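When the chains are written out, they are named A, B and C in that same order, and each has its own residue count from 1.
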Amino acid sequence: MSFWLVLTVNSVTFGGLLFLLSAGFSLIFGLMRIPNLTHGSLFMLGAYVGATFVVGLLGFQLNFWLAAVIATLTVAAAGALAERLLLRQLPGDQLAQVLVTLGLSFMAADFCLMVWGGDPLSVETPGGLGGFARFGVAVFPIYRLAIIAIAVVVALGLWLLLDRTRLGAMIRAGVDDPDMARVVGIRVSQLFTIVFALGAGLAAFAGIIGGPILSVYPGLDQDMLPLALVVVILGGSGSLLGSFVGSIIVGFIYNFGQALLPELAYFVLFMPMLLVLLLRPQGLFGRHVP
Amino acid sequence: MSALTVTGLCKSFGGLHVTTNVNLNVEPGERRLIIGPNGAGKTTLFNLITGELSPDSGSIQLFGQDITKTPSRRRPHLGMARTYQIITLFPRDTIIHNVSLALLGLSPARWNPAINIKRQGHLIEHGLAALERVGLAHIAERPLAQTSYGERRRVEIAMALAQNPRLLLLDEPFAGLSIDERRDVQQLLLAIPRDVTMVMIEHNMDVALEFAERITLLHFGEVIVEGNRAEVVDNPRTREVYLGH
Amino acid sequence: MSARNLAIALAFLALVTLPFWMPGIYYINVGSQILFYAIFALGLNVLVGYAGLVSLGHAGLFGVAAYATGYMLQLGYGHTEAILVALVIGVASMALYAVLSLRSTGIGFIMITLALGEILWGLAYRWISLTGGDNGINVPTRPAPFGYSLTVPTTFYYVTLIIFVASVVLSAVFVNSPFGASLMGTRDQPRRMNALGYHVWMIRFYACLFSGLLTALSGILFVYYTQFISPQTLSLTSSAEVLLMVISGGPGTLLGPIVGAGLVVVVKNVVSGFIERWNFLLGAIFVAIVILMPEGLVPGTARLWRLAFRKRAKPVKTETPS
C-alpha cells in the first residue's frame, strides 16, 4: 500500500518538475517551430548556478529561494543572449537553428564540467520544508508536496499570462500563425527573445528546485532533455494544458517504469511518444504537426 | 469514350466548399478552357483530378477508367501530366536534367541504382526532343538557376510533354509572361497534336479564348456556364461574375 | 587526366602507402578510425545530403550493429556469423527507423530519429541482462580473413581501407544513378516528384536501407577496432558527432563527409592530447560551421576557389519571380 502511494506522490512531484521544464520547451517549439535541444542544459545550468549559492561554493551561502531567483534570472539572460546572438542569425532556417541548439548543448555540458567538476552536488532541502507530513497512515515528504504546489502555482501564473495579458495574446497569435502575427504588426523576433528567455528561466528554476531530489551532476541535461521532448510530443507543442497533462503522464510512466520494469524503463517511456507521433502527430492537445 | 469525366465532385476545407458538385466531360482531342475569378476553385479542381487532393465525394474517369482512388503518383503512368501555376522545378539542376526526371518518372529505370544516368542515351535523346518542341534544346545544359522566367515556363511544359501524355493539364501557363513570351507559348501549345487532350486553366481571357473550343466557367467551386466560345462569352452570367466587374 | 582525377589518384596512393610513411602505430590507428568513421558519415550523408532527411539517431544504428557483433561472439558464434547477423540486424533496425520516421520530414524527422536513438541508448544502458549495461560487452578477438590477422594494426588498416574504397565506389555509383537522381529529386521537390510518377516514400525508404548498410558496416569495424562496446557509443553526442562530420565537410557531396570524418577524428585525437574538453570544441565548431559556412568545408572551399580563379565570370541570375 505505502509503496504504491509513495510511487504515486513521486510521480506527481516529478511531473510537476517536468511541467516547469517543458512548459517553456513547448512555447518555444510552438512559436519558433524548433525543438530547443539546449533545454536540458538550461535545466542543469540552473541547478548548478543555484547550488553554487546554496552549498556556498563561493565562500558564502544564500537562502535557497534567493539562490533560485538568481539562477532563474542568470539562465534566462543567457537564453535571451543565445537567441539574440546566434539563433537570430538564421531566421526561418529551422534546421540550422536546431543544429545550433545542439552545438550549444555540448558547449554548456562541457562548461558545467569545467566549472563544477565531475562529482555530484547534493542540495539541501530548503529550511522549513525538510520534514514529513502525516495524513492518517500515509507519510509524505513535505518538500515533494511543496514542489507540486509550486508547479500548480506556476501553471496558473502562466495561464494568466497567456490568457489575460497583451504579451500572452501576442504569443498565442504567434503560435497559431507566425505569418499572420507579423501581418497584424507583432514584432515576432522580439517575441522570440522574450519566450526563449522565459523558457530558459523556467527550466533553470525547475533545475534548482529539483536539486534536493535529483541532486546536480554531469549528464543531468541528457537525462532531462528527452523527457521534455516526450512531454511536448505527447501534449502537443504550444499548448500549456498539453504540457501539464503530458508532464503528469510522463511523471507516472517514468517512475512506475523505473520501479517495475527497470531494464525496459526507457523503452516504456518512449513507446507512448512513438504511438502519439504515429497516430496523432499534433499531440494530444496540440494544433500543429511539427 | 471521353478523355476525362468528372462526376459530382465535391471538396471542402473545414466547412468551406471549394468544389461543389462539379461535372465535367472532356472529349478526346478537345481543347478545354476553365476560367473563373480568383478563388473560383480552378487549381483545386486540378489538384483533385491529379489526385494531389482527394475528393469528399464524386468520381473521376480517365479514358473510361475509374481513377478516383488511384494514388496521384500512379496517374502520370496512366497518361496524365500537368504543369503548375507556381513554377515547380529542380533549381539545382540543368534544364535537361529537369526533363530527364520527367522521363525517368515513367521508366522502370528510375529504381536502378547501378547505372550512370548521364550515359543513358535514350533519356538524353527524348529529353532533347521535348526541349526542341518548346525551343530550348540549344540551352539544354544550362543550369536552371541561370534561366529566365519565360524559359522556366517552357521547361514546365517540356516536362509535361516529355511524359507523352494523353491528357495534359495546364495551370495558367501564361502567368507572369511578357507579351512576346505569351505569343511563343501560344504557338507552342497550338502545335501540340490532337492526340493529346488539353485542359487549361487561365485567368487571362484574351489569350485563352483563342485556344479553346469549349469553355467552363467556375465560380465559388461550381460550374456556372459551359459551352463554346460564343455561348459562354454571351451568357449574361459570365458577364456578371467575370467580365462585367 | 583532369585535375580532379589526378587529385583522386594521388589521394588514393597516399591512403594505400600510408602505413609506410606514417611514423608509428598510433597514426596508422588514427587512419583506421578516420576510414571507418568516414564510412559512417557516408552512410548518414545518404540521408542528410541526398535525401534531405536529418537523422539524429544514427549512432543508435551504428551501436546496434556493434552490439549485435559483440553479443553473437559472446554467444560463441564465429566472426562470419557475427558479422552477417550484425549487418542484417543493422539494416533491419534502419528499416524499422524508416517506417516510423518517414511519416514526416524536416523537424519531425529529426525528432523521431532522436527519440529512436534515445530508445536504443536506453535499452543498451538499462537492459543489463542483454547488454551488460554500463560495463558494455568486450570483444576479445579480431577476425583473421585468409589468414591475415586483424590484430596487426596495418592489416586492420588495409581491411578498413578496402571496405572504405568499396563504400565510396558504391556511393559514387549510387549518386550518379537514376535512383540517385530520383532521391535528390525527392529532396528538392517531393510534391513534383510525386506528380511526375515517383513513389516518394519508397525512394526514401530504399535510401534509408542503403544508409543503414553503410552504418552497420562501420559499426562492425568500430567494434572490432575498439574491441569494446558500451552505451556511450549510442548516445546523442555520438549521433551529433557523425552529423558534424557530414555537415562540416559538406552534405550532399562525396568528398565532404570523408573530409569531415578526418577533421573530427584528428581534432578529437589531437585535442584530447592537450585538454579533456573535446565536447566544448565539438559544440563550438558545430555552431560556427552552421552559422558561417552552412554548405560545409568542401563546397565552401570550392566556391572560394572558383571565385578566386575563374577568369570570365558569367552573370548569374538567381531571382525567382513568383
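Following the convention adopted for this analysis, a residue touches a chain if its C-beta (ideal position, glycine included) is under 8 Å from a C-beta of that chain, and two chains touch if they have at least 3 such contacts.
Fair warning: this is a prediction, and the values are worked out from it, not measured in the lab.
A summary of chain positions shows that the Cα centroid lying nearest the centre of all protein Cα atoms is that of chain C. Note: the chain lying farthest from subunit A is B, by mean C-alpha position.
Note on chain placement: the centre of subunit A and the centre of subunit C lie 32 Å apart, centres being C-alpha means. As a whole-number value, the distance joining the C-alpha centres of subunit A and subunit B reads 51 Å. If each chain is reduced to the centroid of its CA atoms, subunit B and subunit C end up 42 Å from each other. Chain contacts: subunit B has no residue touching two or more partner chains.
On subunit B, the positions that touch subunit C within their shared complex are 50, 52, 72-77, 82, 84, 86-92, 97, 100-102, 104-107, 109-118, 120, 145-149, 159, 163, 176.
Within the complex formed with subunit A, the residues of subunit C that make contact are 54, 56, 100, 103-104, 106-108, 110-112, 114-116, 118-119, 121-123, 125-129, 235-237, 240, 243, 247, 277-280, 282-287, 290-291, 294.
Against subunit B, the residues of subunit C that register as touching in their complex are 173-174, 176-182, 184-185, 188-189, 191-200, 206, 210, 314, 316-318, 320-322.
Interface of subunit A with subunit C (complex): residues 33-35, 86, 89-90, 94-96, 98-100, 102-111, 113-114, 222, 225-226, 229-230, 233, 262-267, 269-270, 273-274, 277-278, 281, 289-290.
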